[in-house]
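Shared between the two complexes below is subunit A, which has subunit B as its partner in the first and subunit C in the second.
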Partner chain A sequence: MKIVAGILTLLFTLFGHEHTDDIKADILEKVFTNISINKEIIIWSDNENLILEFKAKANFATASKCSDASILILESKQNIDKECQEKAIFVMNYALLKDIPQSFGAIFWKKGRPNIVIIAPRAKANSIKISEKLDDYLEEKIW
Partner chain B sequence: MVKSKDLVIFSLLFVLGISFAYIYNEIKTTKEDIFTRVERDQIEHISGILQNIESDFISSLGIKNKDDMLEKLENNENRKKYEHIASLLMTPNIKYAYILQKDETGRFRFLLDASKTDKAGFYQKFDVNSPEYMRAYATAKPQIIKQKNIENLYITLLHPIISNGEVIALFSVDITTEIQDLIHNSVEPLENFFIILIVIVMLFMLLIILQLFHYFITRKRVFTDPLTNTFNRNYLEELLHVINLKNYGIAMLDLDKFKSINDVYGHQTGDYILIQASKIFKASIRAGDILVRYGGEEFLLFIHNRNGSALDVCERIRESIFLGEYFYDGNEIKTSVSIGLHKHPSLEKNLHEAIKIADKMLYLAKKNGRNRVEIYDEKALSEENSSSKDISFIKEALDEERVVCCYQPIYDYKSGEIYKYESLVRIIASDGRVVLPFEFLPQIKGTNMHYKLTQRILHIVFEKVIESKKNISININFSDLTNPDIQETIVSTLSNNSELASKITFEILESDEIDDVELFKEKTSMLHSLGAKVSIDDFGSGYSNFKTIIDIEANYLKIDGSLIQNIDINIKDYKVAKSIIHFASQSNMKTVAEFVHSKEVFDKLVELNVDYMQGFYISQPKATLIEKEELFL
Partner chain C sequence: MKISLVLILFVSLLFGDEVGLNNLLSQYREAGELYKETKEEKSGHIIVFSRSDLDKMQAYTLNDVLKTVRMFTLKSTKFGMTSLVKSPYSEQSMSSIKIFINSYELTSITAGTGLAQYGKMGLNFIDHIEIYQASNTIITSGEPGNMIIKMYTKDPTRENATVAQASVDSKAGSRVQLIEGKSFDEYSYLANIDVSKNNYDDYRLNNNSELSKDGYRGQFYLNFSKKDDYEIEAGSASEKDNLFAGFGRSIIEGEMDMKSYYAQFTKYFDKDIKLILSTSYETVKLTNSDNVGFTLFDNNISKNLLIKNGSYTNSAILEKKYNYKNNNFLFGTQVKLKNFFLDGFKSEGVAQIENLGPKHVDFYALFLEDAYDINENHQITLGAKLDHYENHYNGSSTEDVLRFAYIGRVNENFALKSFIQEGYVYPIFAQTTFAPIYNPNPYLKSVNTSVIKVESEYKKDNLTLILGGGTSKSKNGIIYDGTKKMYVNNSQNSDFKQFNINATYKFNADNKVITEYFKTFKENAHFSPEKGILVQLYNRVNKFDIYNELVYRSSYTGTDGIKMDAGYDYTAGVIYNYSKHIDLKLKGENIFDTASESSIYGIKIPALERRAIFTMEYMF
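Then we have the complex of A and B:
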């Protein structure tokens, strides 16, 4: 409950703020803290600033190449190498969820409010276990 | 007075600051009021349109419940139609317009989105946290969410869509801040201007407060005696301008035998006694009374009438001091206080005059045996028209060591040697001017200050004799001799130093003061017993009583200057002087002629066979003991 409250507070606090990379990293960190995959979470992103933010926080390992990562954070579909297409992907745009079938979740701003969506079947397909603390953000499909 | 100006400026700044703060607050209130009016107008306007859309929506699509709503809007055509209708609502001030429905899990989902940008898909989840969403559902009443003024969102209007009394969805409209921004940007410079003015005024006020604080700290230091933590004499000058004497009685307090305490136990002990005594004084008085250390061991107490009887306060102080136990450095010290009280100082011309009378009462208290309170009785005191500022003038001179002695040689023309010197008191005024005795002695006659001055002169002359080994005479009043403190000083000093005593002559003024002949004889006898000599001063001018003079066995007769100064031209004076010299010779007394101002007078006195001479012809009084070579210059 604390986690949900924390995320809600964070979302609420950040509602309306500039979508800077440190805020995005904060939200992603909260999400990744409550998921588990069958290997160490190593993060790679096509947004270098986001990687720097994760490095500064030092709670998750980061990779300089997408092939070394276990979770990719994408802002653009074009930035993913072929060799990484099968990895678990978290996107920064709701539309990308549709465009990238491997993506299992997204954070994005909708009408000025931060939103989180995690597609449960895709997460399961990626062997990602989602903590019940994130239940409020789970969706069965992309609408 | 400068501080009054500061206070006026401070008050003006305060009023100015309050005015600016008031204007600033009015601007802000007006701005908020405009915001509220704009907001209300916008909401009323939008709510009206939303109601129209809602009616059309419900009736045209035949929606009965939330499932109907979901079903109808799942249809693309229906959705596009009503998105188009709702999009007519969009103006520069309305950024987003959409319909949300709460699903079975309590999450809100988009059913329709008429927004031109950031459009949401059908049934897309929308994370909202504000309680107003749930409240709109629960109450079926419109809700307004005031968003933070960021991201251009100003308020969100939630309009419940109701069918059959049940909220089936929410029409949500996000209104932008454009008008508010415009108002805010227009008013902000004015607000900032007043903020700057207020800050400047506050800074000036702070500066004045600091200045006043510094002034009061300095003032406290200037007006406080550091040893006893009571007011000092500087404060008395301040009181002159503000005190209403009608409200006060004035008491002059003086610790008895304080000089002895200092001499016997040392100055540290004396300071200790002063501190203890001042504590007792302070404990014995009440709020409204004013205690001033007048100097040395003397205190001045202003007793407010509302605090009861001034005499009771004085008696309480006297008793407390007397009963107090004082131990310092292993010694028990006994002390007491004498108090002179003037109960109605407002009857006097001014404060100094009232103090002078209190001081006279103090003198009486000392004379009558110490450790007592004497109250001013108008019948007992003769009226005097003396200058009123002399007591404090002498008090300051004593405290600041500006009381000095000059010495005039008394010449033995037969041997050509200086026989002895007469000490003559002078006060160096604060401006450096030398003030002669006739300017201040008459004014302090009969006051406690007179005997304090005599004490100081005795001290100076005794030191001078010890230092120079010369004979020096000291002028002293009969009343001084009867003062217990002066007598004690003389006895304690001379009884242990016969050489010093042998070189001292006490010149006692022959005057009507000597009303108690037996006491006079007793005192001169005491001086003789100590080994000192006695001279009758100004003989021939007052109430000369030849028998008394013979009885007291004076060593010298000093012929009054008024008989000497014209002796060369006035035959009557010549004859009187001749008679006195003859009388003195027959009575085994030496004669001294003063006021020898010319060679003619000098020669006449030689002719009369006077023993010693003194005057400007021989030498003026000097600050030092001159030698015979410096005579007749």
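Then we have the complex of A and C:
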């Protein structure tokens, strides 16, 4: 199905809907709460709305430049600077896991449902320790 | 008191909203449901079946959804199909219901409405369904309809998978479905194949004629699109079924063989301009042999009938959206060329005189709508549509539709919707052009309709309460005149009133209960149930998705004078998410075999028989 934002006028809703970025940030916070890296978790994302959500929640520090961050949340491969390519990266679609070999996890849609996956060997390579609470989401390799 | 405490504890355990990752994912799924991007509050009273709802319901066919729709009853027909009958009218009333897949209308010109042919349509490629009552016919393409069923296909960017499903059922029926949705850069595609073998109980009439509606159906759908640029869709369906009772009372054998194809191209231009080009082609071949025979339109008796007919259409729609201050304009135009053909009409092997009405109807439409935002809480919509018909037979006619809508949020918890629409329903080919057992009436005029409906919505925390009611009037109604053996316009006015109440309680993103009651009022018409109740319970417990549904329809007396008992259709299903790749599903339809029935020559038949379906789904 195709939904073209430009074609649809703003749909008048009787009651407001939940904002997906808010819930997305909750999910990412839950994941990051259950991992540990060798330094403080400082988040940068190419999705500005997501950064605003993290700032509002104030559970994690955020960075305005990717170079100042320790974990990057990426929606597009083009949005990452060369200097940041070696950092721990969490991606927002499954194809990026293939495109960015050092990315260690993803939130992605499959069969109409959102999923989380964390690639254990990649996390290990990034010196990321994963809590056993995330065991259900661990995979040895990408599908 | 103790029981209450235990119940509360039980419910808390079942639906407790522990903020775990799985719960958050469910919330994310729910918040991102695609119907939230397509649902138009101003376009009518809406019933939504989200992707998650359809999944939990195990809605394999469109009929699984249609049977729950308020103010309607799904009934079996003499030809083995199903028809959605408006309460409390009879099957002959041919309700004006339009079905869309995305923006393509599925109307079958041969049968008049797509409902008969598409009831068994598989829903594997459908993401969500929106049903609009008191629907907006200004901005919906084609001829007006009183109810609009909009099916939206799955979004390939959210599928990213190849999924196969195989089902077997307790009547020895089976179904195989394969879907693939993928996206790469700006491009995406969705392809779906669905093949089913449909078996039903056989019935025996008093004269020992055996009625069967077993058959096969195959369908294919393909969608290829470039983001914000264009979309190409193509679909086809082929269905071959035994004819059930057919035209007579003593069928020996008969068959209905239907094929349909369509393609649609949508191009999105700058400045919110959209062009939709579509083409369709369908054929229907019917054979019916009968021991005693049945009367044709010319009073001859036929014991062996063969009909081959079909239709093709071409349509172009150009529309533009334009916002100016608080006005949201939509205007556009449509040209639709509809053609009917009769390739064969034989009785006892002899070609019959073709007594045909107009075979070609050209439809031209101009429409304009302005949704004016009074402020952020209130919106009024004014719309007008001018439709012109050229039938190449006995002249032309011009019809119009006018619509006013108000939707608004009165306060934090309370909202109101109301619609007033003056419109019409244009006669169909089966009434004006060709039917084997009655005369076509090419001089039929459109039915004039007016509808006023109001709906109030109360929402607090997890509870949503909807109260709706309305009245509709029709003038110049089309009824069947048995003396003249044709459809004629009825000079009497017809009034219809209805009332419904709906309560939805969401425990959390995966668990909710819906209850609904409706009642319809119409003098001198009680040919289908006038009251109905729907209860739906959607649950997820650990790795199990559970669905319970009760559809009640009140008793009624059909046009044949036979009293039909009230129907209670209890349907339930469970899905076990065995692994990331495998789902196992079990569904029981009409479990107690007490669903509302129709009388066909005195035999009482439910639209959907008691059946158990087992399905295995594998995601590659």
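Note that the second predicted complex is superposed on the first by the 124 of 143 C-alpha atoms of A that agree within 3 Å, B and C clash if a C-alpha of one lies under 4 Å from a C-alpha of the other, contacts with A are read in each partner's own complex, and residues count from 1 in each chain.
Following the convention adopted for this analysis, a contact is a pair of C-beta atoms (placed from the backbone, for glycine too) under 8 Å apart; a residue touches a chain by one contact, two chains touch by 3 or more.
Because the structure is predicted, anything quoted here is derived from the model rather than measured.
Student: When both complexes are superposed, which of subunit B and subunit C contacts more residues belonging to subunit A?
Tutor: The partner with more contacted residues on subunit A is C.
Student: Given the touch rule stated above, what does A:Lys24 touch, subunit B (first), subunit C (second), both, or neither?
Tutor: In the superposition, A:Lys24 contacts subunit C only.
Student: Between subunit B (first) and subunit C (second), which, if any, makes contact with A:Tyr94: first, second, both or neither?
Tutor: In the superposition, A:Tyr94 contacts both subunit B and subunit C.
Student: So, does A:Lys110 touch the first partner subunit B, the second partner subunit C, both, or neither?
Tutor: The answer is both, since A:Lys110 touches subunit B and subunit C.
Student: Let me check the overlay on chain A: which residues of subunit A are in contact with subunit B and also with subunit C?
Tutor: In subunit A, residues 8, 11-12, 15, 17, 94, 110-116, 137 are touched by subunit B and also by subunit C.
Student: Can you list the subunit B residues touching subunit A in their complex?
Tutor: Its residues touching subunit A are 95-96, 98, 107, 109, 115, 118, 120-129, 147-148, 150-153, 174.
Student: In the complex of these two chains, what residues of subunit C are touching subunit A?
Tutor: Contact set of subunit C toward subunit A: 19-21, 24-25, 27-32, 34, 36-42, 51, 55, 102, 127, 152-155, 157-161, 163, 184, 190, 223, 225, 227-228, 231, 266, 268, 272, 274, 321, 323, 328, 330, 371, 373, 379, 407, 409, 415, 417, 457, 459, 619.
Student: Name, in rising order, each residue of subunit A that touches subunit B in their complex.
Tutor: Interface residues on subunit A, with respect to subunit B: 8, 11-12, 15-17, 94, 110-117, 136-137, 139, 143.
Student: Could you list, by residue number, the parts of subunit A that touch subunit C in their complex?
Tutor: 1-4, 6-15, 17-20, 23-24, 26-27, 30-31, 94-95, 108-116, 134, 137
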